[in-house]
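Working notes, beginning with the structure itself.
Labels for the chains are A, B, C, D and E, by order of writing; each one numbers its residues from 1.
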Amino acid sequence: GGGAGGGEEAAPIKVGAIFDLTGPTSDVGAPYAEGIKGYVAWLNENGGIDGHQIELISADYAYKVDQAEQLYSQFVGEGVVAFQGWGTGDTEALRSRIAADQIPFMSASYSANLVDPKEAPYNFVIGTTYSDQAIIAIKWAMDDWAAAGNEGKPKVALVHHDSPFGQSPVEDAKAFAEANGVEFISMAMPKGATDYVAELTRIQEFGANYIIIHTVSSPAAVFVKDAKAQGVDAKIINLNWCSDEFFIELAGDAAEGVYGVQPFTPPSVPVDGHKTPTEWAKANGKDVDVHFIQGWYTMDVMAAGIRKVIEEGKDVTGPNIKAALESLANYETGGVTYPITFSADSHRGNLGSRVYQVSGGQWTQVTDYITAP
Amino acid sequence: MLQVNNIEVIYNKVILVLKGLSLEVPQGKIVALLGANGAGKTTTLKAISGLLKPEDGEVTDGSIVFEGQEIHEKDAEEIVRLGIFQVMEGRRVFEHLTAEENLMAGAYTRPGREFREDLERVYTYFPRLKERRHQRAGYLSGGEQQMLAIGRALMARPKLMLLDEPSLGLAPLLVREIFGIIQRINQEQGTTILLVEQNANLALQIADYAYIMENGRVVLDGTPEVLRENADVREFYLGLTEVGQRKSYREVKHYKRRKRWLS
Amino acid sequence: MPLQLRGFRHPLNGSTLEPGQTQLRVENIHLAFGGVGALAGVSLEVRQSEILAIIGPNGAGKTSLLNSISGLYHPQKGRIVFYNHGREYELTRMKPHQIAAAGVARSFQNIELFRHMTVLDNLMSGAHVHMRAGLFSSLFYWGPAQREQIAFRDFIEDIIDLLEIPAIRYKKVGALAYGLQKRVELGRALAMRPALLLLDEPMAGMNTEEKEDMARFILDVNEEHGVTIVLIEHDMGVVMDISDRVVVLNFGRKIAEGTPEEVSKNPAVIEAYLGH
Amino acid sequence: MDTFIQLTLTGLTNGMILALAALGFVLIYKASDVINFAQGEFLMIGAYMLYAAIVQIGLPWTVGLAVTLLGAVVLGVLVERLVLRPLIGEPIISVIMATIGLSSLLQALVRMVWGSQPKAFPAFIPSTPVNILGATVGADRLWAIAVAVVMMLLFAFFFQRSREGIAMRAVADDQQAAMSMGISVKKVFAWAWSIAAMTAAIAGALVANIIGVGPHLSHFGLRVFPVVILGGLDSIPGAIIGGIIIGLLESYAGGYIGGGVNQVVSFIVLVVILMVRPYGLFGQEIIERV
Amino acid sequence: MISGTFHTSYRSDMALRRTWLERLRLGLFIAFVLAFPFLVGKKPYPIFLMNQIGIATIGAIGLNILVGYTGQISLGQGAFMAVGAYTAGILTARFGVPWWLTIPIAALVTAAIGAVFGIPSLRLKGLYLAIATLAAQEIIIWVVTHWEAVTGGVDALVVPPPMLGSLRMNTDFRFYWIIWALAGVTALLTANLFRTRYGRAFIAIRDQDIAAEVMGVNVFAYKLLAFAVSSFFVGVTGALIAHYRGIVTWERFTIDVSVLYLAMIIIGGLGSISGSLFGAAFMTLLPALLTNLGRSLRGVFPAMDEFIPYLQQASFGLVIILFLILEPEGLKKIWDDIKNYFALWPFSY
């Protein structure tokens, strides 16, 4: 158990983690994993949490759900008290299990299903949920439309990855759009396509003024390239998984001017919170991108919960960490995210994102935090 | 031309099939190899042509010498290039290729410019193949497939042709026709032939010399005239009774049945 | 159950006809494959308990005729009628498995055994059409399913004895010598308790001794159990000795029919098939 | 009407790229009856090799392409030598499983060398939009069509007429009989795998030019299935026509129906067509005579 | 077979285990399964692994009935498992059907769906059929993720925990007994099936379908039956996953799963029940082994850290390839060789 004191002898705290380093999402999974591992290394180098080192027990699960289950079971057997997951697949698959085992769980899946403690009592969502991101995008679109002196409301199209991850914001975005009199369509992007001309054709017929893209970087890059080639003049807004550095690299010129809703401030927009991870990364020969930051601060929030447990002198157990996280209010991440707040009624930790835009080959800030209702 | 010296063949590293078999095929002759089912005739031919390997068979002792060159360790494709061509048991035509493409495959080791001429030559031996040249070989009748298999061998212009049961499944008339053609090929082209046959009667008619094998060994050899006089050959290979009459299958039944009761 | 059990003790014959009655009538069938005619108006009749040989040059359509009878090929014209169980089966309208159930069994030109099964299982699968146990009792191997298996095993053992293959009962057929495989194939057809047995070149590729054995088994089945046999064979010695009647095909047509002696003297047959 | 032309054009170009990816697949099947589940990885490796040659080493793209093709041949020969040859004569399903293992192995190797992150590909073929009948299409995609057509003609000629082509088909039919003709089965397999790896590399380069290079390129392996089955597993023209049909189908479904039905539609159509033509549109029937 | 065993009746000759040695081996295995949770001190992780093996064994036997015994290659395993899992999940979560009852219902529903997707086998053979089943995989998963009214669409379906009185059954230890009991029943039923005409007809179809048809086997009906029986057990697997994990998500049933199960039966041994078990165990334990090997390697060579996941992935592929090259007939063959060696012992050679 934990307890006060904080001498050298304090017992290490075991945290489990599964990463996608070799699977279909490993392009972003790998830097995210580096962020988490980097944070733990940095924390331990700096005395851990009140003298308790964090022992990160991690492995690659290659985005295979049964592997995730197996590793989870093994790590819980080894005594982890909290868990860092990764994708939608594993987060959903482990949802019931973590509740039964009482293991607080964070991941990079920002599905709105996970924020209701009645349904997913041990899941904590650090990023702005996909639904909220989409709503923020629509909100901004309405403002931008009005600011440019246009009449009425803009038309918005949402194209998304053909998966639960992609589908996740569709309902909420649609409801929000309808409530605000915004004409809205959504469509899935076929897997592994080499072009999205068919989808763009439909979007043009619909007459969209704004296109929200909710997928990962490679297809998003193909999409914007096609949009440019087809002469589409709608403004494009990427949600977080395609508002990253890969997107700019892959889309090249076509990336210029694309907007992005991103809960985590990209390194190209320096804020205080970037300092520590950047310095640590430089010293350890790691690259810093937005996913690294994302992993780093996800672990930071988890550590904050654990710290609270220790400070309160309780045993470091799953339920205690859960309680501590639920009492976290306006936790500051040095400007990297909107202040994080959890409560016993809501695990929707992050209510706001900024809008960024690609300019000169990097992400630049356009707005301050916009919050979803 | 070809000497097989005391060879042993083992399948799958355990099954000993040929147990010190020797035979000789002189240049320009037809030599017949007779023997019961499972005696190892096909195995002998495959040992010569190098086709044992894909079946996990191996020559473990003895040697095979062709025109003064040891060949038993060579690969099949090399042996074909040296001039030995085996017509495999059961025809083995390439079913999805047309008849003519099968012949092209037969000419694989030959220079392309001779192709036309060789093709015409095969068609003179087997006019029926010419009619069917664009038909898929898989749909040819059994006899036509056998002709195709021999035709393929002709395309390769081998010095030594190994024929494995060419009469299998063929109608009597066709059997005689094929044997006639084999004889013609031997005479007109000077192709040496080693012939494996169940139909001992016919084989002995066209062969210059014959070997009889049993259980992996040669048990008897000689010219057809000599062999035909041998009592065992008469009874077991030619199916003749002691007085030279053909045995009746119907009578065999009663004879055998009596034997069954006795045992 | 006991009544039926006694049924298995009956000879291998599944026919209900009296010897000499017409069992199969092929009426003017035509069969072509994409323009190439295989059968062009063949008619013939098979009588109960006879051995009918079909001969003819390669490609004459003999196998095609057997395939038409067993339902594998569908003639474009003509009918094939089969009499058994007091009814008339129009084979040209039936599926192969229905024809098998009606009492027609066969062997194949190139051995078509179930290579990875043991000899015993091959024979047991021959009795498929006579087994009745349902899926559920089979899954649980309950009373009826178990009793049925044991009863048929008994029946199959008789065939094993008849064909003199007890020693290889548990061997996988793929590993057997050619002659034995042909024997097993005959056994599998017999396990169907056929009324009519079709044999496609049962002795091809065999040596004299093996042919003698095979001839013996065929005659046993025919003479002692009264099973009607239609057989294709190129060895004229065999045909002459064991068949009651011979039909000769050439280019998809019947060119002669009669006793072996008559046929072997027929000039057309000599011209097309036997040679001078 | 505009929409229709645009969708048709896009479907065509997509279909051609699919067809190109399918060609190597068909080739391997034709020569050895093997379904190569690692074809997507071949494509990916081809793209990465070109990337390494042009970007990492800095060769001009013509030289880079030559080096890549050479690398593909080496890959094909190695795979044949180390994985396929020991499996000659084994049941086909084992061989297929081995190619599945191979795909996992190749994925790992690529990630070890180049990492998991996708990379921008230097546009060695310009993607300038070209206007055709009022529809726009990237020049790189037109190139893909041209390359696919040329490859198809080469392949068709190769298989129908050339001695090696006949040898390959003979080997596919009956390996032992082919050996008895003096055909070296090993050589034929090595040929087949290296040509397949080369076409995959070309397809990979074209696709990477359009969507960038990354491990996701290997997804093409699965997308090829409906194409080759539709055209007939062993038919070169079938691969092309199958590619075009699937490309058009996905394009129309995406443009007129949407909702992510594209790929399901191609599978549904596939099953329906197969029920009518069990060997695809041009595949050859298995000869079954008893 | 042990030499010198004589059977005095066909009944004993046709028993599943014909010699005392065979019966002893089976007895030892059953004793092992019964004792295992206690041998490992009821620790959840080893029991969890055994549970995974048990569940996979049922699915692998199911797939083996279709692929190994009947010769119809299927790439639709994942989707059929999804049908079982969603059926069980929906029945429990939405309609409150008792969890134990949903297992047979799910199995029957999966059997029906399996039979429907077996219809193309009427005309398709070999690899063409394999791809048609791949289509089944894609279509079923598409339906699952898009038919929101029934499946909840892309959202995970939460299944209430299976209760027996006041005991929650889906802890690793308690569910162990359910899984292995069902695995045992599956193995027994399958073994029985293959000593009656149904099983023989399946094998006959695999070996020579034309001959089977002429022997009186209604090939199409039996192919459909093979799809149905196979899917039945696959459905059991799906239902077990639903209740064991307490949640059903489509991402657990992708094409990867289909391929994984194919790998199991090929590496274990096609057309063999014990082979299915070996394959399931192997494919479950291999990644676990590799992961742990990777973790300990990381301790020894920290510099290698970055490469370890790739090495893991590479060795997975490598092990499969090596296995196929060295023993293409699978673990079952190795096991048989060992058995034969000892059966003849001490007289071998």
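As a working rule, contacts are C-beta pairs under 8 Å (C-beta built on N, C-alpha and C of every residue); 3 or more make two chains touch, one makes a residue touch a chain.
Quick caveat, the model's predicted, so the values are computed rather than measured.
Steps from subunit A to subunit D, taking the shortest chain of touch contacts, total 1. Listed here as common contacts of subunit B and subunit E: C, D. Between the contact lists of subunit B and subunit C, the overlap consists of D. Of all chains, the one whose mean C-alpha position sits at the greatest distance from that of subunit E is B.
In this assembly, A is the chain whose CA centroid lies farthest from the centroid of subunit C. Taking each chain's centre as the mean of its C-alpha atoms, subunit C lies 48 Å from subunit D. For the pair subunit A and subunit B, the distance between mean C-alpha positions equals 75 Å. Note on chain placement: the centre of subunit C and the centre of subunit E lie 40 Å apart, centres being C-alpha means. Mean C-alpha position of subunit D lies 32 Å from that of subunit E.
Looking at subunit C, one finds that residues 72, 108-110, 112 touch two or more other chains. Annotation for subunit D: residues touching 2 or more other chains are 107-108, 111, 222, 259-260, 263, 289-290. Counting partner chains per residue, subunit E shows two or more touched chains at residues 210-211, 310, 312-313. By the document's touch criterion, interfaces exist between A-D, A-E, B-C, B-D, C-D, C-E, D-E. Per the touch definition, subunit A reaches subunit D in the complex via residues 21-22, 24, 26-27, 29-31, 162, 187-199, 201-202, 205, 217-219, 221-222, 225, 229-231, 246, 249-250, 252. Looking at the complex, you find that subunit D touches subunit C at residues 289-290. Across the complex, subunit B meets subunit C through its residues 36-38, 90, 139-144, 165, 168-174, 176, 198, 236-237, 239, 246-250, 252-253, 256-257. On subunit A, the positions that touch subunit E within their shared complex are 19, 21-22, 59-60, 62, 64-67, 69-71, 73-74, 76-78, 88-89, 92-93, 95-97, 100, 113, 119, 163-164, 167-168. Residue ranges on subunit C touching subunit E, taken from their complex, read 70-72, 95-97, 99-101, 105-106, 108, 112-117, 121, 124-129, 131, 133, 135, 138-141, 145-146, 149-150, 153-154, 157, 170, 188, 192.
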